[in-house]
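Following are the structures in question.
Look for chain A in each of the two complexes below; its partner is chain B in the first and chain C in the second.
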Partner chain A sequence: MQVPLLTVENLSVRFKMPDQVINAVNGVSFSLNTGETLGIVGESGSGKTVTVLSILGLIPKPPGEITGGKALFEGQDLLPLSTEALRSIRGQEISMVFQDPMTSLNPVIKVGEQLREALWTHNPSESRSNHRRRGIELLDMVGIPQPERRYNQFPHEYSGGMRQRAMIAMAMANRPKLLIADEPTTALDVTIQAQVIETLKAARRETGAASILITHDLGLVSQIADRVIVMYAGRIVEEGRIGDIFSRPRHPYTIGLLASIPSITQRRTKLYSIPGQPPDMANVPPGCPFHPRCAVGGERSVCRSDSPRLAEMGTRHQAACHFTEEAASWLAGRAT
Partner chain B sequence: MTRYVARRLLHGILVMWIVSTAVFVIFRLVPGDPAAMTLGLDASPEDYEALREELGLNDPTHVQYLRWMGNLARGDFGKSITHGYAEVSGLVFPALGRTLELAALSILLAVIVAVPLGMISAIREGTWVDHIARVFTTLGFSMPTYVMGIGLLILLAEVFPLLPPGGYVPFGEDPVKHLSQLIMPVLTIASVTAARLTRFMRAGMLEVLSADYVRTARAKGLTERRVNYWHAFRNAAIPLVTEVGVNFGLLVGGMVVIEQIFIWPGLGWLMIQSILTRAFDVVQIAVLVSAATFVIVNLLVDLTYSWLDPRIARS
Partner chain C sequence: MNTAAVQKPILDIRDITTSYHIRRSGAQKATTLVAVEDVTLSIKPGETVGLVGESGCGKSTLGRTIIRLLEPSAGTVSFAGQDITHFSHQQMRPLRQEMQIVFQDPYASLNPRFRVRQILYEPFRIHGISKAVAGQKIPELLSLVQLPPDSLRRFPHEFSGGQRQRIAIARALALEPSLLVLDEPVSALDVSIQAQILNLLEDLQTELGLAYLFIAHDLSVVGQVSDRVAVMYLGRIVEEGPRDAVFNSPQHPYTIALLSAIPDISAAQGQQTRERIILTGDLPNPLDPPSGCRFRTRCRRGDQLCVDQEPPLAPVSDSLVACHYPGAEDSGPRS
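And then the complex of A and B:
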């Protein structure tokens, strides 16, 4: 069996606020192979962003604090590394594209300069003109027209979609082995979203990088990911190959998410939505954190007292629910 | 860009017109006219009438106003009766120069102290460096300048007589003495301004350090130095320019107390002397020049701002 590119084991992260402690990530484990694309899905506050930021040491400390676990990248644990040691990983081995391209680029520095900087910091011996040439190449690669002219412009002269392309160019600059995209299309217009996703896909093809796509859009995940992790209240509630998750979901939360996708073929009077609110992360319900909103186990005492562990549901398919069988039949009942 | 500059210039001219009109109104239309102010209460009616005629105070108000504005527009600031018909500009501008010297050196010292201190304070938020910096800024804030100034005088001129207790010698005459006379007033003003600017820099830096683009810079693998002193500082420096400009403008007009304490013959000192000798013709020009300096400084700040922040010039 192939050695995974990234293995996260039992990662826990909390934020210590003056009046409360937020356990943002609780014992999250997953792995990612070379060239693979993993989708991480969940509502805001489910811990998906914090998980990946922790891997690169990008959560603000304080108040953030990694309380346990490992993040092995090519066998090396990244979590105990100093900022200086992490620097050679960031942007070179693992790079990130963030959610909001309007605020993720420095407004007073030219885009080309910000791009050149990403190249220069990992290859300081290379000449300035080489970096410039490569920077223009990258802008061209992500589909920015007139890259020479655009190279010397400021972020405010770019449209939102173009800024996100520039972010992708910057992330791909050093041909990373892993590209993490944190809700890369959430802040963009729908028409631009598809273009940016195409750019991401092309960039991945070009470099052969593995990727993690964080999103709350299951439809997007189905288009580009090989496997999916579903997170709820800082835990993984279901994990599996994309086909299994869409055809045989086992966790009531995943089932609810899938049922909430509007369908063109089925006529429904009202769109399904999961009842209740996402949990208050400072006050997570005891037992299974999803039980107050769960259609299957909500009233049962075991759901209120015991947090279910991830259990195998088949080949590389896991779910954390006490009543996966009933969840499956509940789904079957809804479908008819 | 040209349009932006033109608009700022026009704005400045408008402010100057309002200020000069206000000065005209205050000095001419309030009770106790300039002739009475100059001569005092025990002047003979003949002298009073002669002076009114000489000053053109018997002309209709609109004629007086047009003459006043016309003279200003030509740069003719008139002669001072109380100073033996000396050119007012010859009194006001050298004084302005001395005040600018004091203000510029103080601001320079304040910036040199405040920028690094505010930045380190923000980068090392909550550590001992930050706490010491905050004690320093609170002290600077809470101590009135005259207490600080007199305290320095007692310490450095009286108890340890290291420096002259104020006074003014031109630089060309005795450079060493000139500079030694500058030390105490500059220290006094700079300590207050530095406290204000340090706090401003710290707050600006803290805000910028939590910005998304700073996280992007880190995610690219840049060094902490590059992240802090290039990506963060450049953004935090933009509002600082305004703050420095505003502080400089305030200093030029607000040096009255300090110049009295250290007997520095600047604009504030000249104003007090002129008020005491009832030289209204000097006071009105001093007020006008002080306001003009403020307007010019603000204009320069706006221009620097647009040069530093690429988003301004185009919007």
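And then the complex of A and C:
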């Protein structure tokens, strides 16, 4: 069996605010193999971004605090590392693309200059002209037309989609082993989204990097990921391969999410909607955090008192629910 | 719905053009940005017309022109049979009760210093309706949008995004309008909440017979709620027709590309999906749109005719399509 590139074990993160404590991530475990793409899906506040940021040492401390767990990257635990040690891993071994390219690019420095800096930081011995050549190659790789001319332009001269592609170029500059993309297409128009997804796929093919895609968009995940983790209230509620999650979801939250997506091929008479609101993270319901909104467990005492653990549903398919059997038949009942 | 065929539209716009004058730094003269050009559209009572397009295509400008928040530079806007194109503020006032707008961001559109009671009272106050009447109506509005009665005492920040959008909808319904312009009403909301709001809007329509102009960039959301769909590209409608015609047999290459670009979960569910078309390039600069057909710079079908002549919106099967080479298949000459 292959040794995973990244193994996260029992990660817990909390934020200590003056008047409340927010348990943003609660005992999250997952692993990622070389060349694999993992999607992390959840709504705002589900802990999907905090999970990844805390692995990279990017959460503000205080108020953030990692209360437990390990994050083994190639066998080395990242969590206890110093800021300097982490910095040399970020950008080199692991790189990241964020939602809004305009805030991640420096507006007063030319794009080429920023690319060159990314290359230089991790490879200072190389000559300036070599960095320039490699920079132009990278812009070309992500599909930016006229890369020589674009190299010398400022971010504001780029369109939104081009900026995001420049960010991907920068993230791939040092051939990272792991690329993390946090809502990389959310700020973009539909046709540009499709372009950026293709760019991500091409960059991944080119470098063989593993990737983690964080998003609220199940459709996007279905197109690019091999496996998916569904998070709710700082926990993993379901995990599995794409085909299993989309065709045989076992957690009522996953089932509800899938049923609430409008379909373009057929107009449903009425969309299913998950009742209620996402939980207030300072005040998470006891027991299963999804129980107040759950169509299956809702009123049952075990759901209100015991938080279900992830249990095997099949090959590499896990769900955290006391009544997965009933959830499956509830789904079947809805489908007919 | 056999009455629908003979029913007069509540809203009818003809050949609308809306422009903005913008002064660029250093330039002596203001340039004109034509955001909406030559658009004709009508909405019947109880009907939902979906308006889709990417950012900068003019869909929000069109929405604001329809309810006369903007004055068009050409064309006519008629509401309930009355030409309101050049109505003054004073003249528009009584009509404002009839047409309301709901914006994307419920955080920005609700006054944070007002309690919900005050927010919902504002429309009544502005239109000089007595406190007694308002006092009776306000609790009804809350129950229409399925918020608990104790919400009245609370401030917007005490609510989640979805609940705030419910408050904004309640406010829009206060004066019993017949037309609602919904400008990206669910795009700021989480997936599970989106479905709640879409269902609420459908229930309200059935209950109150409202007409909706539903503006969104998300085709799957538009497809869920609309009876008819209009697709905009760089200020013009490129395709318009019944929901099923536009979604199941799109004719304009832009519509085809937009539909194929939606990340669709059916592939992961083992169902067959349509071919994915990735459009090249970005949206052209609206200050300097291409000659002829505006879509030609990103089109796979284009030829010299498309460079020379702007295609008119003409009937193709059940829809209206502005393309020299319409067709569901990828037909026509390639450049």
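Throughout what follows, the second predicted complex is superposed on the first by the 332 of 336 C-alpha atoms of A that agree within 3 Å, B and C clash if a C-alpha of one lies under 4 Å from a C-alpha of the other, contacts with A are read in each partner's own complex, and residues count from 1 in each chain.
Everything below uses one rule, namely that a contact is a pair of C-beta atoms (placed from the backbone, for glycine too) under 8 Å apart; a residue touches a chain by one contact, two chains touch by 3 or more.
Note that the structure is predicted; figures quoted are calculated from it, not measured.
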* **First (chain B), second (chain C), both or neither touched by A:Phe154** => first
* Pick one for A:Thr315: touches chain B only (first), chain C only (second), both, or neither. => neither
* Touched partner set for A:Ser301, first chain B, second chain C, both or neither -> neither
* Check whether A:Ile274 is in contact with chain B, with chain C, with both or with neither, and answer first, second, both or neither. => second
* To do: Examine A:Ala118 and indicate which partner it touches, taking first as chain B and second as chain C; both and neither are also allowed.
  => first
* To do: Mind working out whether A:Ser44 is in touch with chain B, chain C, both or neither, as first, second, both or neither?
  => second
* So, does A:Ala194 touch the first partner chain B, the second partner chain C, both, or neither? -> second
* Which partner, once the models are overlaid, touches more of chain A's residues, chain C or chain B? -> C
* Which of the residues in chain B come into contact with chain A in the complex? -> 210-213, 215-224, 226, 231, 234-235, 238, 308-311
* Residue numbers on chain A that touch chain C, as the complex places them -> 43-44, 145, 159, 161-162, 189-195, 197-198, 216-220, 222-223, 242-243, 245-247, 256-258, 260-265, 267-268, 270-275, 277-278, 293
* chain B partner contacts - residues on chain A that touch it in the complex -> 56, 58, 60, 83-84, 87-92, 95-96, 98, 100, 103-109, 117-118, 121-122, 154, 156, 167, 170
* Asked: Considering the complex alone, what residue numbers of chain C touch chain A?
  -> 54-55, 160, 162-163, 190-196, 198-199, 202, 217-221, 223-224, 243-244, 247-248, 257-270, 276, 278-283
